[in-house]
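Structure in structure tokens, see below.
Every chain is named by a letter (A, B, C and D) in the order it is written, and numbering of its residues begins at 1.
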Amino acid sequence: MEAKEAVAKTCVKSRIINQSAITYDVFVMVVAAPEIAAIARPGQFVHIRLTDALEPLLRRPFSIADCDSSEGTLTLIYRVVGRGTALMSGLKSGHTLDCMGPLGNGFTLSGQRPLLVGGGMGLAPLLMLAKTFCSCSSTLLMGGRNAQELFWPNIYRDVCNNIYITSDDGSLGHRGFTVDLLPGLLQEKKFDVVYACGPHVMLKSVAEVAQKYHIPCQVSLEEYMACGVGACLSCTCAGTSGKRNKVCTDGPVFWTEEVVW
Amino acid sequence: MVSHADDMLAVTIAGIKMKTPVMTASGTFGFGLEYSDFVDLNKVGAIVVKGTTLAPKVGNSGRRMAETPAGMLNSIGLENPGVEELISKTLPLLAQYQVPVIVNISGNTVEEYGELAARLDKTGAQGLEVNISCPNVKQGGIAFGTCPDSAAQVVREVKNMTKLPVIVKLSPNVTDVVLMAKAVESAGADAISLINTLLGMAIDIKSWKPVLGNIVGGFSGPAVKPVAVRMVWQVAKAVKVPVIGMGGIMTANDAVEFMLAGASAVAVGTANFVNPYVSVEIAEGIKDYLAEHGLKQVRELVGKVNCS
Amino acid sequence: MVSHADDMLAVTIAGIKMKTPVMTASGTFGFGLEYSDFVDLNKVGAIVVKGTTLAPKVGNSGRRMAETPAGMLNSIGLENPGVEELISKTLPLLAQYQVPVIVNISGNTVEEYGELAARLDKTGAQGLEVNISCPNVKQGGIAFGTCPDSAAQVVREVKNMTKLPVIVKLSPNVTDVVLMAKAVESAGADAISLINTLLGMAIDIKSWKPVLGNIVGGFSGPAVKPVAVRMVWQVAKAVKVPVIGMGGIMTANDAVEFMLAGASAVAVGTANFVNPYVSVEIAEGIKDYLAEHGLKQVRELVGKVNCS
Amino acid sequence: MEAKEAVAKTCVKSRIINQSAITYDVFVMVVAAPEIAAIARPGQFVHIRLTDALEPLLRRPFSIADCDSSEGTLTLIYRVVGRGTALMSGLKSGHTLDCMGPLGNGFTLSGQRPLLVGGGMGLAPLLMLAKTFCSCSSTLLMGGRNAQELFWPNIYRDVCNNIYITSDDGSLGHRGFTVDLLPGLLQEKKFDVVYACGPHVMLKSVAEVAQKYHIPCQVSLEEYMACGVGACLSCTCAGTSGKRNKVCTDGPVFWTEEVVW
């Protein structure tokens, strides 16, 4: 009873080590959170309290995009969409945030030849996943609205050997959606698992195609969250078991079979 | 071992002995276990578990929470696994902790409330909180919570069916909360808790749709504190049974404010989401406040607001 | 000169023509003149002046305002110079501006409301707002505001005594605001405004005294917005007369939210204290919103929330 | 109609030029607010919005302790007592506040041989007043709880020729209250006006003594304020005229005869 195990989830005062803008509204933030970095797995997230003030009141969830356990740091990649992220983007190095984590169940690292499929900010959690798979050269299929939004190839350049790109307007890579290229990829290559993160519609179609080709597929879902620990039931969604799934603790990563689409 | 300092905080509400006057509010602390990585549950005054119904409930569809200025809206709609799973699975797990567990119950009819009470009678639960004030379900909630006669009927039925202490949780969405409090007190309530959530709404100006799937939702958090303090003060003056105060408590100072207003114990809700350690931190903060003010017992605060 | 862009914002409420749908809420903008260093009063939709009574009133004693999370409490208690001074001194000063002036009236009895209405009939005031919802005075306020019959009686009396458009201002401190709205509509109200302040309280944990001299006070500001939006939505669905929405409006986005909920015009209250330019800035912000959404008239927003 | 007069009251985005701590809880802040500095008079105040966030919501009133119209700066001297002042004390140079002012009626500069009486933070507005009177060598009677709180002599050293000091505990100057020394001063010296600012009890006793010696006396009152411009009636107090006085616009400075004590 004396030697206490590392507590699974914790809240830590986390100094911002670095923050930089990738585009006018997408930022990369590195924070020091050794307790979380020590045990975080790809697909997990942190729930961040931005201020001690009462407004904005609630924490904000962000995927762990990268994690350096030796340095004790976490990397978050986020887009400014509202009040909290706007506030966050204005914070300078040295400022302290309250990070709660690591939360949720990450990806199951079962495959040998994974295909990662990411759309928009869904590419954030896939980064840590891709790094985990690095040795076995994972393949990434990424999609975005236009070339301007697809700064991701730079980020993934040294992480994934094979990158396929689609954009809605054709300004970068294939014109269309990720799911357009998916059947071709699943047919040709011998992928044994698909990991996907992105907008709900994209996940749905990725799940359909993967199912059609009988390739196991995990998706990372997003929901509005209050507690982040399974207590408030804000984030639940219909599950195939008949029970509702809690995105924050049963997920955010689910096997596609668990999800009612 | 119970130290002297802990004694300062001990309270007994309707026969339920608590080590601290800081409970967790129903629906905001799950079944307690969800927060056990953060909080030593043995240090919580009492755990009030998620609203429980006879049959399992999936709750409302669509988006279920929204942030508002210094507050939040929720429209969970009483999602819960049903009373049988609570009894067979969850209460046994909670039994390993030395913390009173209070089950928050919700029915569609007077009989359902009675049935719930009967089933929970000898299950390890140390009290019932009768939720007649959930704004998020069509029946079984607000209707009982806004009509003194219906509320009294529910309370009488529950009292008939159980020997457990019965706390009745009041809605703030009424013209006269004192009328409701007196009605449930006369009907046999052993304690009264308030406030449940205010009824609120938010509209997305991009999509022109309500933000919540259920259109309206329950409004909680620091924003509502002035209403909650007022109602606790009004009710505590008017009834003899103990009052459990809640609504926007974030800090020990907030808890003290509720106790001065007349609350014998308090519950923290939304604050758990912001700071998972909050229920224990508030208890410690109250202890510091008592020490600073040369008080020996937390109950020396109760109802001591001086309005002369 | 009225430009096309200004036409976009023009609304007529109960016959009162306003250049913008953004009014100032009673009690928060004085008699307008106090803010004339900041705001071109001609650009305000309408000025609703401080609650006026027959005789001058000194209001409540002790501290009258307190800040709360994202809100405030006030217990002014209807301090005002009385209707005669309003008529003889203030209304003539306001006559130099091209802005509709609406007088908010409060009485202790049905007759007093009638008397106020009669005296204000031909004085330059372009409308009356009947305050049956002030939480800060013993009589004449909340009693009328929580009983549909008394409210209807007041409205009938006022309508009998004046030809001016009559707006009735509802209290949020009721179980069923729709009941109140229907009662005053049936009694002849030309428009309904809501919400007045919620009833709130704060206690000073140093002195153990209520923060406000009057113990309880009216709670306003962004904190209350979810309650206000919900009530405006409920009432607008239920009545045919136009609804004026208020409660926590700080920005043009907030104003749009109220209009989508069903408000034909809005009023800003507490926000004036934070940003004295707010009433004009909100009108400009609404214009931008309309332009971005390809809308020609602000009334295209009214009640357009899609709850299907 | 074309040449517009300087608007009396305005809100200006004001950069913090400098902020420093005098004691652990008293701060001096210099802000750039040329429009206000150009017209501010001793005894007036500014109403400050500290943040764009909704919490803390309301503005905070602070006396103008000094004003440099050529530099366009205002000096505020304030004590940290709650949430707003705590936030304020943490702001760095370069940060921008929203200053509304100049508000209220200042002191009437009628006297030739004024006596200034200040207690606690009431010494802040008297500073600008003393500077205005500098040429005619004003006299200052100041009081505070103890030597630690009486950092004011340093501030006033070059501004007032004659400074009398009292402290509650006798740790600096005369042991007791300002009002103890007042009869002596009013008897001996030929003061023709008394200006006082400080705690209400002090003002009340100063007013009594001044009245006894038939010396006109102005006091600066403090009240909880929402609007600051006479619109909300939060700040009114009983006046001898029968009407209530608005501290924000009729005051904060009143002739003692106007005040119901």
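FYI, contacts are C-beta pairs under 8 Å (C-beta built on N, C-alpha and C of every residue); 3 or more make two chains touch, one makes a residue touch a chain.
Remember, it's a predicted structure, so these values are computed and weren't measured experimentally.
Touching chain A and chain B together: C, D.
Rounded to whole angstrom units, the spacing between the C-alpha centres of chain A and chain D is 55. Centroids built from CA atoms put chain C at 47 Å from chain A.
Centres computed as Cα averages put chain B at a distance of 34 Å from chain C.
Along chain B, residues 69-71, 222 each make contact with two or more other chains.
Each of residues 54-55 in chain A touches at least two other chains.
Viewed as a network of touching protein chains, the structure reduces to a complete graph with every chain in contact with every other.
Chain contact summary for the complex, chain C toward chain D: residues 27-30, 34-35, 37-38, 50, 58-59, 63-67, 69-72, 74, 76, 79, 81, 221-222, 250, 270, 272-277. Per the touch definition, chain D reaches chain C in the complex via residues 7-11, 49, 54-59, 100, 224-236, 238, 243-244, 249. In the complex of the two chains, the chain D residues touching chain A come out as 53-55.
Against chain C, the residues of chain B that register as touching in their complex are 68-71, 73, 146, 173-176, 198-203, 205, 207-210, 215-216, 219, 222-227, 229-230, 233, 248, 253, 256-257, 260-261, 289, 304-307.
Taken in their complex, chain B has these residues touching chain D: 69-70.
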